[in-house]
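Okay, got some structures for you below.
Here chain A shows up in two complexes: once beside chain B, once beside chain C.
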Partner chain A sequence: MVSKKQLRFIFGWLALLIAPVALHAAQVSDVVETDLVEQLARFFSMRDPSLRFALIGSILLGISCGLLGGFIVVRKMALMGDALSHAVLPGVAGGFLWNMEKDPVAILVGATIAGLLGSAMVSALTRTTRIKEDAALGLVLASFFAAGLCLQTMIIQNLPSGTQSGLDKFMFGQAAALGWDDVALMSAVTLLAVVMVALFYKELLVTSFDEGFARASGLPVRWVHHGLMLLLAMSVVIALKAVGVVLVSAMLITPAAAAYLLTDRLHRLLTLAVVFGVLAASVGAFFSFVGKNLPTGPLMVLGASTVFLGAFLFGPRYGVLSKWWARRSRSGRTQRENTLKAIYHVWENEGAALEGVSLKALAEKRRATLEEIGREVNSLERHGLATVNGPMVYFTPAGRQRSAEIVRNHRLWELYLTNSANIAPDHVHDDAENIEHVLGEDVVRELERRLGYATHDPHGKAIPSVQDVHQNAGLTGEAGKRGGA
Partner chain B sequence: MNELLPAFDFHHVVVAPWTDYLPATGAWMLMGFFVTATCGLVGNYLMLRRMALMGDAVSHSVLPGLVIAFLITGTRGTWAMFLGALLAGVATTVIVETIHRKTRVKQDASIGVTFTTLFAIGVVLVSVYSSQVDLDAECVLYGEIGNIAALDEGGIPAPLVRMGSVLIGVVLLITIFYKQLLVSSFDPGLARSLGVNTTATHYGTMIVLSIVAVSAFEAVGAILVVAMLILPGATSGLLTTRLARMHGLSVVHAALSTVLGVHLALALGSQIAPAIVVAGAGLFGLAWVFSPTQGLWLRWRKPAKPGTAPAEAS
Partner chain C sequence: MTKTPDRPQVPSLEIHDLTVAYHQKPVLWGIDISITSGRLVGIVGPNGAGKSTLIKACMGLLPLSSGWVKFFGEPFSRAATRIGYVPQRESVDWDFPVNVMDVVLMGRYGRLGLLRRPGKADREIARQCLEKVQMLPYANRQISNLSGGQQQRVFLARALAQEADLYFMDEPFAGVDAATEAAIVAVLRELRDQGKTILVVHHDLPTARQYFDDLVLLNMRLVAYGKTEDVFTAELLQKTYGGRLTILSEVASALGTAR
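What follows is the complex of A and B.
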């Protein structure tokens, strides 16, 4: 599923993650005042059963949250995850009240019901009133959350067993508090999520990207939506104890958003989101274990955010730095090609008899100062496209070939626009100026064929032929010799 | 279940807040009203501008701003806190916009990523420096409105003064810039052609939002602020379409939900801030069902399907 290229990027991020690890570890040890090395040894040897549960639980929640998060991000319902995660709180308290103990199954059922109620409320609000979806989400989120808090503070204050209920652990999460029954429940829900997604992959795919088409082909769009909400609510609930109510939405959104920056294919997106989710969750569990008093949830979220930052900056296609770099190198190439073209023009105008082109004539042609031309020509020299000798500049064979190609592209395109698109000859230059840098060889051949192997462009200039481009005729012969001498 | 609900004591719940407990309950109610009214007035514009979730984002990301300002200055002074929160609020807006504009991540996902990250940073800082920062997880979740000193103990408590001045400031700003806010909220294109600087209005709203969020944060915590921002505006939006009346109604909603909330908190023995929100949500529910123009009862009555109409509709 994951290509080599993607694997490389994953390892790149791993390296990225290690930097904050080192920074943080120092800080944590200051605060906790335990032997960091001993803690690390305990972590990696997994002697503690509680640690084993914490780690397994984190991995499971990474899987289920990443998988379902991928769907809510591509369905543009990211904040539905936020609303759901807050809306389950009254259900958690209600599940506790059911038989007055921390029964994970009762809490799961109660919280899932509350979550579904919340999501139904959002759709009801947007359908029956003028309230927009964002406001409806915020409203449901905060009202349900407040109801949950009310119940919870009531339990803590009024019940003798309330203080030990551990309900406050649901706020920011404590992976170390996971027990055997929690982990069993988490595996059951994760398995359910994976199986359901695998079974209904096609339905989920189609309804996520083209609802109209899905409806037209007879898919039960609404049921798919409700089913997804159910799975989402359940996976939010199992994540609660480890991540906490407040930040569980980040475990849904952030890994998936990072994956969304890296690929266009849904199955790759889901795979990556799961990988990132597991990574972030285990990093969070690790730190919360090393530093005793740290809540797990925020640390997991920060792990996921680091991954997102990596994708945001270095993602090969949508990363900000990569895009900037690509733009920079493209504009550099365009500039060099324009200089080459100018040299060709000067050479052509002054008669092909000349061996080289004077920098002064070139500066006049480019309407630039000698200094600027000097810089441009130096850049050509660095890329092996031209050589400078005193006041003259000469093509290298590669430079001559590229300049002839560019001029050929430009003039063929001008001719094509004039002939086939009926655009006046004095309007075609700007268009050709842009397209000349990107026309590929096969397109040029096709243009040439359609234009009947014309020899002159609309302005009466000769179009360099294939032979001109590939046989190092004319200027190159002498210039090449001169440049080498 | 019986031990959960304290026995209903009429005197304790209904009478005493206005007589015996008045110094304490009065301070709670006043503070609650200031917070809900301020949030509600600002929230009206968030609703209209479809920025409701920016309210969510800003109210969360105020936390790291507060903690960092505290760690730098070492005091819990009003101005340092305001400045920290302000910077955090503006930073949130800028980061959300950057992620949304520079990549293909949609705005909702970029809001989600941004505020959870900032909030997580805040919580981690709070737990790492818990010995130094005068903040804890409970304060983040439901504020400390219940800890406001009673009125009779030596003058008016400082938080009350602060929140009151923020309320007055917000009212003044809305009165002065009413026309600009009105036009730019409903029709940004028209506003620009009339010479209203919509970018300035946008960032001005965000700055006011950060100030409101930080001052309310102390009283009701990061998450309940969202409810106070949205509920009054949503309720009044169900009842009227005129902006001026919406303002009035949201203030009424704020007052009612505060008073009811304090009684509810006494009756249930729960925290005050969440109880105020629950009361506010109840009022919203009533407006949703009984609104004269878009209420649910209209829908339930019209189809005239016997048996489907719930009891409230009749």
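What follows is the complex of A and C.
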């Protein structure tokens, strides 16, 4: 909590300080002023070398961020990714100071060292003091970021060509500013990340899932961790120029988080995260090129967030809409089963000789109006559980069987609660109302066995036996004839 | 420093003067234990006695303040592939994106070493281990869909896949159903009969007496180690669980604050 507050405070000031510079710097399309159609034509024909570099760079950063982000998310190190991306800033300035020019390799080395130093300080703080990781992360992140800002401002002020140094691009990112040397470096780092993950996939998997077990197996857990942190720092640094310090962690976390909602296997999660990362990054580059005044980093992150939103809503297993749909169909089934049960009760009360059940009696039993009952039995009819003929409703064989099953589940459960759990008979009905719809066949068998194949429930009502359920004639046969006629 | 690992006189596990401290506060003092092969050993003691700490320290998962541990006459780093481990079930995130087969295959990683992937033979071994704990039908299940007992069986299958000679198990019976408990006991006895050594952290005294050949009675220091019928006595249990250790723990906290 502390760290978040600190963060917001810093960002507030930061935005005031650098927003004008950044917004100006972040116009990908400041190359030439043209209209939308021409921009689109230029984008898809790839005539501009700067556009080509921007797009290739975006794809590369999508790959490396997606891949390593997958590990960050499953290792619960998302905040570490955030801290790392801010901690690299002084290193960016330091790398620039090295020979006073924008040498991407010097900047990569400086920034990676700063990033690793930051993460080492976080673990040192948590190990040696009573400060917990969240506070340590907030503290280190803010300090490094502040130091980076000061260094950078000093450089920009002291150089006559300060604004051309390109250091300001590191704040919010500008894909169009990527040059040949940047793209070459990005390719090298991305290739390294892909190769390392492929080579050490099994070590990364086991250390992420169960570190203690991995160490007990004699695997080099520390080295795997340090290697991952190094790769992470390097890919954060290569992404900086396109996405910017402030938002680069989102490109690590968001595609991977979206992938986490869609799959249950790590290798699929990593593949999906890479696909989402590439998608988000190229969409960001595209819109930032087409829409003249829009910065690249935020657009990429918005693209990634859109992908996440899609996964959140429409994911087949964990998506909100899928869950809602499953709940809805379950509640529809429960409703139908309650109607079936009511028909059974009426039929049972009025004597088993009766052929069908009148809708009026059913309405009284359900304490509902005739229209409501009409809707309910129509739903049964649609699902092939009952047939309606004038004022009467008849079970189909399937409906007859299901109704007997439900009643049996209900009464068995009531009996079980009363006999075995010593719950008073008048307390058990509500619980049985819910349980009756979900009891599986094997549980029912077990209940029957434990209850000694009892024939009556605690209220003295007959429990439909297995024969009643499966070999039922009586009502069904009549109803079947009527329904067919 | 003998280099003959498997001679009968070389103990499977030898712990000498082991002391472990958390933040300078000692939690285990001067433990000496020597265990021969083919024993099923229970480690019992009250909460905070250092039971899990003991087995973690043996495997080098915690730094030792003093003492040493040898497996078959060798330090852990050279014997790692001969040692199997079942961590506490709560120590991992069961929402992790892996299925049951993936987890059991992890048992093969130590033997495979770096850069080699599990192959057909490893999958076959993993399947056999799953079969032994009656979890083969669940091989392709995502692990979050398992019950507590099933999770514990998967961990046991992973340890079996390690094909180790000595096993450490941290509370394998915690929060499992009766059927799983019986299945685990059967597997442990089978391992013991194959001549393997099994050390099990356990917190239930009545079953401890039933299940184990030997008992380690632990409460910050070794109270007793020996055959179950010899050490399961009122006097030793009173010594382990009774309130006579207040001085020791007070000294421990004093040491923790003093340094």
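Quick note on the criterion: the second predicted complex is superposed on the first by the 341 of 485 C-alpha atoms of A that agree within 3 Å, B and C clash if a C-alpha of one lies under 4 Å from a C-alpha of the other, contacts with A are read in each partner's own complex, and residues count from 1 in each chain.
By our rule, contacts are C-beta pairs under 8 Å (C-beta built on N, C-alpha and C of every residue); 3 or more make two chains touch, one makes a residue touch a chain.
Quantities reported herein were computed from a predicted structural model and do not represent experimental measurements.
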| item | value |
| --- | --- |
| Contacts of A:Tyr260 with chain B and chain C, given as first, second, both or neither | both |
| First (chain B), second (chain C), both or neither touched by A:Leu269 | second |
| Chain B versus chain C as contact partner of A:Ser208, first or second or both or neither | second |
| A:Phe200 touches, of chain B and chain C: first, second, both or neither? | second |
| Chain B versus chain C as contact partner of A:Leu219, first or second or both or neither | second |
| First (chain B), second (chain C), both or neither touched by A:Lys132 | first |
| Touched chain A residues, chain B compared with chain C | B |
| Shared chain A contacts, counted only where both chain B and chain C touch the same residue | 76, 260 |
| Residues of chain A touching chain B in the complex | 27-28, 31, 73, 76-79, 81-82, 86, 97, 125, 128-132, 134-135, 137-139, 141-143, 145-151, 153-155, 157-160, 168, 171-172, 246-247, 249-250, 253-254, 256-257, 260-261, 291, 293-295, 297-299, 301-302, 305, 308, 312, 315, 318-320, 323 |
| Of chain A, residues touching chain C in the complex | 74, 76, 199-203, 205-206, 208-210, 212-220, 260, 263-266, 268-269 |
| Residues on chain B engaged by chain A in the complex (per definition of touch) | 1, 3-6, 46-47, 50-53, 55-56, 99, 102-106, 108-113, 116-117, 119-121, 123-124, 127-128, 130, 137, 141-142, 223-224, 226-231, 233-234, 237-238, 264, 268-271, 273-275, 277-278, 280-281, 284, 288, 291, 294, 296, 299 |
| Chain A-touching residues of chain C, taken from the complex the two chains share | 56, 59-61, 76-77, 80-81, 83, 85, 87, 91-93, 96-99, 102-103, 106, 109-110, 112, 114-115, 117-118, 142, 144, 158, 162, 168 |
